[in-house]
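Okay, got some structures for you below.
Here come two complexes built around subunit A, the first alongside subunit B, the second alongside subunit C.
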Partner chain A sequence: MNRRIFYIAANTFREAVRDRVLYNLIAFALLLSGAAVLVGQISIEIERLVVINLGLTAVSLFGVVIAIFIGIALVSKEIDKRTLYTVLSRPVRRWEFIAGKFFGLSGTLVVNTFFMALGVFGALLYVAHSLHVPDLRVLVALYFIVLQFVIITALALFFSSFSSPLLSAVFTFSLFVIGTFAEDLRGFAAIAHGLTRWLATAAAYLVPNFSALNVINQVAHGEAVGRQLVIYNTAYTLAYTVTVVAGATLIFERRSLK
Partner chain B sequence: MVAGAVFLCCAISSVLFLRELDQVRKGATLQEFLYISSPKLLKHLSLGYEGLLADVYWTRAVQYYGGMHHAGGGNYQLLWPLLNITTQLDPHLIPAYQYGATFLSAQPPAGAGLPEKAIQLMEYGIKHNPDDWHLYYDLGYIYNDVKDYPRAADAFERGSHVPNAHPFLKLLAANMAQHGGELQTAQMLWTSVYETTNDKYIRENALWHLRAVKVGLDVTEIEKLVAIYRKQTGHRAQSFADLARIGLLQGVPLDPVGNEYQLDADGNVFILDPEHLPFVEKGLPPGYVPSSFPKIPHDR
Partner chain C sequence: MAAIEILHLEKTYSVGFWRKRPKRALLPLDLVVEEGEIFGFLGPNGAGKTTTLKILMGLVFPTSGSARILGMELDDPRMKAQIGFLPEQPYFYDYLTARELLRYYGQLSGVNARDLTRKVDTVLERVGLRDAANLQLRKFSKGMLQRAGIAQAILHDPKVVFLDEPMSGLDPMGRREVRNLIEELKGEGKTVFFSTHILADAEALCDRVAIIHLGKLRGVGAVEELTAGVGAQVEVVWAGTIVPAGIRAVGAECHVAGDTVRSVFAADKQDAVLEMLRRERLRLISVTPVRMSLEDYFITQLGDLGEMNLLPRAEGATREGSADKSGVNVSTSVKTGATPYSSAGKS
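Moving on to the complex of A and B:
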């Protein structure tokens, strides 16, 4: 990574921390410790399952909310505060600014996820008294959740590069919801005919596929995640994210900032 | 300062008023309805987080059953929909099948009295978890409860073919096919529950059922001896000492909690303290009506 991108990323991370984004970790810790203690008393034989399901779902939802609400303001905030002009008046290219912002927010989410993962394993240790090899599969689910954040960050940045924060939030959240139905959409495309089939197929490939990135329930039951799924999910996320960030760069390059 | 005082007063008042409201509208928080009854719709609405939703619904089913049970029973009309939603959201949630089927099959007021739904739930569980022998075992158990011994034998037999299945499934299948409905079979079933569960409450429950079965077996055996005594001597035994005198007994027989068995003038054998031996069916004192909710004694 070139130094200019690194500095912008580091500043984005610092700004997010200054905005008290990591305060969500407190809510997460309370949620998880409460669940770990309470579930054993109000349910039967699902303590471990709840810690994993609740822990990973919370990691995912907290991260998605952060990715959307920070991501949509990444560009517009800089324009509103007029700090963007200061940055771009230096030898910083617009694509470097977009890339720096993307890496900065992604880094914030990785750090956030790391601390939450510690919380999940801590709670698991509390309810199960020991960790076993199948528990390590939770790491794969966490990795997929990070991949999900990377895509959402890219999408939020993309919409932020040409739209208002409110609309960007609506667009990104809509794509998150639609993305969870990506497999249904492809199934619908497969049974449709004519123009509908083409449109549905195009939509199915256009929206991000979040359903393949969700293996929470699978790892909660101690089931292994195939190596191929890890490889293809990584490759897919990389390709999709680069496409979206490149799209954001293309729009931002042509945007008049006067 | 004033704002702080107002905040504190109003917060406390709202809690107090809500408590009063709960008193006025008793049971309102446990009203029997499901906002969404379609598992498919719920699965879609969960946005991929159906595992957590299944845990929530399972906990709700447990709370619903526990609440109804505590309140003295009822028609448990939400139990099946709650369990159906739970297992469709997460078909691998094994406790929902194992305990849910028990809740469904138990006769009212202890359960919903829906063994056919319990069997449906269990078959759905087996379809999605064919390698879990516990489910076949529980299915056989339900068939045994409804006295469908051939199907019970079949369920145990199917379970015995599952890799790593407990060897007693084969024995149960054979025993069920030959002696379905007999006390020895019940003893075998409860022994297997006692030996395989890790849950201390289930283990304790199984132990008390085993004691009840032991009473049934003891009473049957002692009544046989009483009949032999009458045949040999030509008159009824007045006490166990009569039976001991001619060598039929070593002394006064004791029940599983250490009390002496009782013998009445008609030759009936029964236990002294049925309150301390729940689940007993054979050997209850004449005129004693057992509770619908037998309580496990904790002082023994």
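Moving on to the complex of A and C:
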């Protein structure tokens, strides 16, 4: 990685840490501990299923909220507070700034997910008293959740490069919700006719396909995740993210900072 | 080689939400700043100073025209490694300490990792922030932030330093220190381009100044050149209480104080006035050229109200946008003779 991108990414990570973003981990730990104790008392035979489902859903939701709320301010805050002026007046290209911000927030989310994952495994151990090989499939689900965060970070950054934080939040959250039902949208497009079919197909392929990245239920039931899906999701996330970040860069390259 | 070359630089913004209207922030501007100069960029609020600086820094794109710094294009990273910039009312990452901030900017400017610690310590010492080096910027006062801003602008030893209102927010001691620092930078062979509305600072420091108002350049040159020519006056003092009628007729202002008369008039009337005094056999006490101050020159340039009102209309800009930004202030100051700049200059 280009050194300037690394420095900007490191500063973005430092900002998130010092703004106490990672304090959400405490809330997460409390939630999981409470849930584990509760589940241990009321569930019979399905403790693993409940803890994995609950734990991974919580990881996903916490991460999505952080990705959206930090992501939407990544560029706009720097413009509003004019901290960007002293960065772009240096030998830093605008695309390097966008890339640095993207990697900084993605890195923050990876660290965040790592600690939350420890919490999930801790809760699982508490409830089930032991870990089995199939439990490691949780790692695949966590990997897909991280891929989801990466796409959301790219989308938040994209909207942040030209609109206000409020609008960026609305756009990003809307795409997250629609993307969660992307498979349903594709199904609808398949049975629709005429213009509706054309529009639904376009929308289905334009919005991020988060449903393919959600294997929480499958993993909770102890089912394996195919290698092909891992490769497909990785390639899809890479292509989608590169496209969106490139779009953010193109817009930001032409933007005058009033 | 010129340090800064600005060629027909122009900027028009679109204002309004539904009905976009053009607002010209900068009329075609041509300016050359030589290497090693301290150059003052003067003008009231809304004159176009910050727009010009933002264009030079690549933060805003010009509508037309071009500029070069150290002979290189504005988007050339090699050029950006050789300039320093202090924005107006700077705000920095307040979760960082002053030392961390400077390290970050040093890294972005490409300062060698081995030299970085030494350079950061040196610049912190130079701007008087050594004791606050490990304090988070959110705990800094406005004056301390300004010092941090100056520190980041000079940290990487740039050849050209752009300072937007560098004295803003500083107490008298701080202002003196910044003045000394700017002179030191000149001593090191650097070019300093700074915008200010404190004319006393510009008069004391600058090799040359440019005056800009409503986006238009009103004058460029050394302070002595600008203040010597147009509007030069002479003060003549003679004994007695008699003021010959012809003297008032040439437009002289006369004041009788005790047994002397003090008269001030345009320099080109000097011979006529002295001739009249000789004819009346009045005893001449002194003849003194009255040097125009930079403030007088500034007000003369801004006080051209006819042009001020015509400009926005002729150029398609909004009248109200221009009037409420500077026109009202200027017309008031012209009538009362007190300018919004005079108090700042004396503070």
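In the analysis below, the second predicted complex is superposed on the first by the 256 of 258 C-alpha atoms of A that agree within 3 Å, B and C clash if a C-alpha of one lies under 4 Å from a C-alpha of the other, contacts with A are read in each partner's own complex, and residues count from 1 in each chain.
Just so we're on the same page, a residue touches a chain if its C-beta (ideal position, glycine included) is under 8 Å from a C-beta of that chain, and two chains touch if they have at least 3 such contacts.
Keep in mind it's a predicted model, so treat the numbers as computed, not measured.
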Legend entry - subunit C versus subunit B on the shared subunit A, clash or fit after superposition: fit
Inset, instruction - Applying the touch criterion given at the start, work out whether A:Phe210 contacts subunit B, subunit C, both or neither, answering first, second, both or neither. - result: first
Inset, instruction - In the overlay, answer first, second, both or neither for which of subunit B and subunit C A:Leu49 touches. - result: first
Inset, instruction - For the superposed three-chain arrangement, provide the angle subunit B-subunit A-subunit C between C-alpha centres, rounded in steps of 10 degrees. - result: 150
Legend entry - Smallest separation in angstrom, by C-alpha atoms, between subunit B and subunit C in the superposition: 27
Legend entry - Residues on subunit A lying within both footprints (that of subunit B and that of subunit C): none
Legend entry - Complex contact set, residues of subunit C against subunit A: 13, 54, 57-61, 77-78, 80-81, 83, 85, 87, 89-93, 95-96, 104-105, 107-110, 149, 152, 162
Legend entry - Residue numbers on subunit A that touch subunit B, as the complex places them: 39, 42-46, 49-50, 53-54, 57, 60-61, 177, 180-181, 184, 210-211, 214, 216-217, 220-221
Legend entry - subunit C-touching residues of subunit A, taken from the complex the two chains share: 3-4, 7-8, 11, 14-15, 18-19, 81-93, 254, 256-258
Legend entry - subunit A-touching residues of subunit B, taken from the complex the two chains share: 44, 47-52, 54-55, 58-59, 62-63, 90, 92-93, 95, 99, 199
